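Note that subunit A is present in both complexes that follow, paired respectively with subunit B and with subunit C.
Take a look at the complex of A and B:
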């Protein structure tokens, strides 16, 4: 059965395999090999038999093709209501067909399925809220991605991403040493401005364990310094693990179920090792979904919950503001109109809409809601891994129009976006459409207005 | 004096003046020089698609591209490389200021030399200012070693510097800047001008009477005596001056009057918002407008 050197059904498990794949600029060879990649039909059927359970079967069966999901999909709206972008059509014409044909599909079909699963759905799960039967196409696309992945039909960057998790237990090539070194570096820098600040690594029995997104140590280490400053000001007893610090999961976007489990297990192992009372995860949406919401199921936690109580960063911030651990200087609140990007993964899918509003009530004087908002909000346009896939750049940019128009309608020029993925999409949106907006995480905003107790201020 | 010099460059003519100074320094002090270039920031987490620092366009990089860029840098600085004892070329992808700071920390760098935007009419100046300007801002503020920013042709070289202007606001960081200025002046044998500008802009609407201003000036002069002059054992080639006004304007005026060929200052704004900090800080304004190189020193580690 034909498989390529780079594009195949094998998993990436070594650094060398990862380097080889990365060396293939833009996945040129990878995608050309994909043209000849055979579908392992027996394997596909076996996977279906084993993993397609009653919920998805029922959903595929009972879909009445009523089209009520159409207007819920931002990609459908952004593409002039192209009928081929109706969620039910997208899933019926792909997963529906695979199931109907019991896996007897060919290469061209699988390539079409891949393009649909990654470029026409960001797994934002908005359609599920509007379907009269509660059919969630986002969930089904997540499942479909797993089928595609197991057959080797997966976008180049996603294969790399899941490989990164397998090799480094992080979405980027960051070793334990790199990570600990970055923490030390940031502690050195921020200690100057906040007396006594430390970034405790591997401290046992701390109240809070803090886990991050690999982009922070890699490209935005200030984010870790800012988190440390805020924990320090709030008097939090906290720590970061030397291993198991990465909460994101490109494996989830890739459909690499095995790597999903490996990654989350590394975080849970850290919790087991350090015995914190609770976990706080950084300003990232899908990471929260992976580590806090889905992770317990991937790793077989009987409670359906992570080993300790786990908070998204916005929950920690809201709590700190509510209890007065962080106090805002009223004179420094945001005066200009400001809006908030509701991340699908922790607002729609984890119900933290009120938490976000609570924070805004403390920090902003002129808060403008997007329309629609909260759990009805549209995806930023780059969710589900779409931001990261070169092959679907154009499709992604078309989808960004919806967010652009939503932001413009608020009149705000500042967008608070406590999710790495949304933050990126909004940055790209500005670079593509030039609408003159700024985008921020919560941490720098909070640090610019929080009251610093005198004993934490450096002497001059 | 400087064992390891980190010269950060975009590889464009805008950095030629900085290159000139960096290589001259390395030659003079027999330093190892690193020519450091960050292509651009990655557009995606790990993909090979990057936004080019210079053009703002998206491009792909791979091993061939890396080799090509390194070769280009080698050719650009070929004549200068011959003159220094050791030169290493280093290129990578990332957020420029993060990578410059990370590299300087890891390799125990003694001096960073950077170029800066000088003329608005240069093609791509706006973008250059946005990217390099903010990189300069972050690096100057956070590096543990002195950062020398060169934006205009430096006709003299560092060992010809005859007039070093040290501008102080009496902060802790300024003390480190002083130590550097003094060490350099002693090493080169140049005149050290100790200068403070009484800030009349940040007094919240109250205006000082002429008499009060004069009193404050006297106070500041005394402070320079006790805080700095007392540390300069036996070194008498210096002068003290205090003027009043808007700090960056006064520093520039003073430097001009004294034919300053190097300004040494600290750069420790606490502003977190880059956009505000970028235009607001005295050092940024001085860098933009000074006709000589500006050294920003904020930490005692390397002075």
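Take a look at the complex of A and C:
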């Protein structure tokens, strides 16, 4: 059966394989090999027989073709209500057909399926809230991505991403040494402004273990410094693990369930080793979803929960503000109109809508909700990995229109976005559409307005 | 003929209907898999049950969910159609007289006038559902012959029943056709997507448990459907 050198059904498990794939700029050779990649039909059928259970089967069967899900999908709306973007159509014409044909599909069909699964759905799960049967395309497309991945029909960046997790236990090539060095460097930098600040690595029995998104050590190390400063001001007893510090999961976006498990297990192992009382996850939506919400299932935790209580960063902030561990200087609150981007992954899919509002009540004087908001909010436009896939840049940019219009309608020029993915999408939407907005994580905003106790201030 | 269609054939179709539905329910529940579905159905069950009940009830209330509220036209069609479909045959006087004759008990009944009203309303809703299928591009693209077939299976018993009870044309002919088409519907329910008669509740319960246990139900106030 024909497989390519780069585009094939094998998993990336070594640094060398990863380098080779990365060297293929924009996946040119990878995608050209994909044109000839054979479908392993027996394997596809066997996977269906084993993994397609009654929930998904029933969803595919009973869909009443009523079209109520159409308007719930931001991609449908952004594409001028193109009927081919109706959620039910997208899944019936891909997964529905694979199931109907018992896996007997060809190369062209699988490429179309891949383009649908990654460019026409961000797995935002919004449609599931609008279907009378609760048919959740986000869940079904997640499953479909797993089928595509196992057949080698997966966007180049996703294959790399899942390979990164397999090789480095992080979505980027950051070694344990790089990570620990970054923490030390940031501790030195921030110690100058906050007396006694430390970033304790591998401290046992701390109250809180803090885990991050690999982009932070790689591209925004000051985020780690800011987190340290806020923990320090709040008097938190905290630590970061030297290994198992990465929360994100491109493997989840790729549909590589094995890598999902490997990645999450590394975090759970760190918890096991260091025995903290709880975990706090950085300002990232899918990272929290992967490690706290879905991770317990990938790793077979019967309780459905991670080994210790785990908070998204917004929960920690709300708690610190509520208990007075962080105090806001009223004069420094945000005065201008400001809006909040509800991330699908921790608002709709983890119930933290109130938590976000609680924070805004402490830090903003003119908070404006988007419409719709909270659980009903639209995806930023770049979720589910779509932000990172070059092949679908055009499609992603079209989808951003919905968020653009939602933000414009609030009249706010500042968007608080405690999620890396949403943050990127909003940055890109400004780049593409020039609407004159700014976007911020919570950490720098908080740091600009908290009251710093005198004993933490450096002597002049 | 009348004896046959209201005798053995009726027993057979009711048998298939009930047994078929029980099989569907059992298969659905047995096919749930906590790890594949990523919902701990048997841990934190109280949250799950709460989520399931809420997820069913709000969707049974007209305009009870945001989806119903933003689609008022469809919501009205949906409820008129389904109320007519369920209430009319179960509480019809003629059916309950038959029930009493055969099984010795009857249910509460509605007046024939109410039944006529419900039937006409339900058939009108069905007509609009067909028009909607043809007129709206987002529904047209989803629609295939199977959707029309199941719609036909559900409305024919109502048309024939209406004609028979109002003595329009040949009473015997419409009556037999009415009974036969009703039996076809009963048999079709477990085998077609009309199985949503029970699977609606199971599917809603499942997604309700998903949100109730895993996706925030244990932290927030529960999903605002």
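The criterion applied here is as follows: the second predicted complex is superposed on the first by the 460 of 460 C-alpha atoms of A that agree within 3 Å, B and C clash if a C-alpha of one lies under 4 Å from a C-alpha of the other, contacts with A are read in each partner's own complex, and residues count from 1 in each chain.
Basically, a contact is a pair of C-beta atoms (placed from the backbone, for glycine too) under 8 Å apart; a residue touches a chain by one contact, two chains touch by 3 or more.
Since this is a predicted model, take the numbers as computed values, not measurements.
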item	value
Per-residue contact with subunit A, leading partner among subunit C and subunit B	C
Subunit B versus subunit C as contact partner of A:221, first or second or both or neither	first
Partner chain in contact with A:171 - subunit B first, subunit C second, else both or neither	first
Partner chain(s) touched by A:157 [first = subunit B, second = subunit C, both, neither]	first
Touching partner for A:71 - first (subunit B), second (subunit C), both, neither	second
Partner chain in contact with A:435 - subunit B first, subunit C second, else both or neither	neither
Subunit B versus subunit C as contact partner of A:129, first or second or both or neither	second
First, second, both or neither for A:409, with subunit B first and subunit C second	neither
Touching partner for A:58 - first (subunit B), second (subunit C), both, neither	second
Parts of subunit C lying in touch with subunit A, wherever the complex brings them together	27-40, 43-44, 55, 59, 66-67, 70-71, 74, 78, 133, 136-144, 147, 193, 195-196, 199-200, 202-204, 206-208, 210, 213-225
Subunit A to subunit C touching residues, read off their complex	51, 53-55, 57-59, 61-68, 70-72, 76, 81, 83-84, 86, 88-89, 92, 128-136, 293-294, 297, 300, 302-304, 348-354, 372, 374-376
Touch list for subunit B against partner subunit A, complex	41-49, 51, 60-63, 94-95, 98, 102, 105-106, 142, 171-172, 270, 272-273, 275
In the complex with subunit B, residue positions of subunit A that touch it	22-23, 25-26, 157, 160-161, 164, 171-173, 181-182, 185, 189, 193, 214-215, 218-221, 250, 387-390, 428, 431, 438, 444, 447-448, 458-460
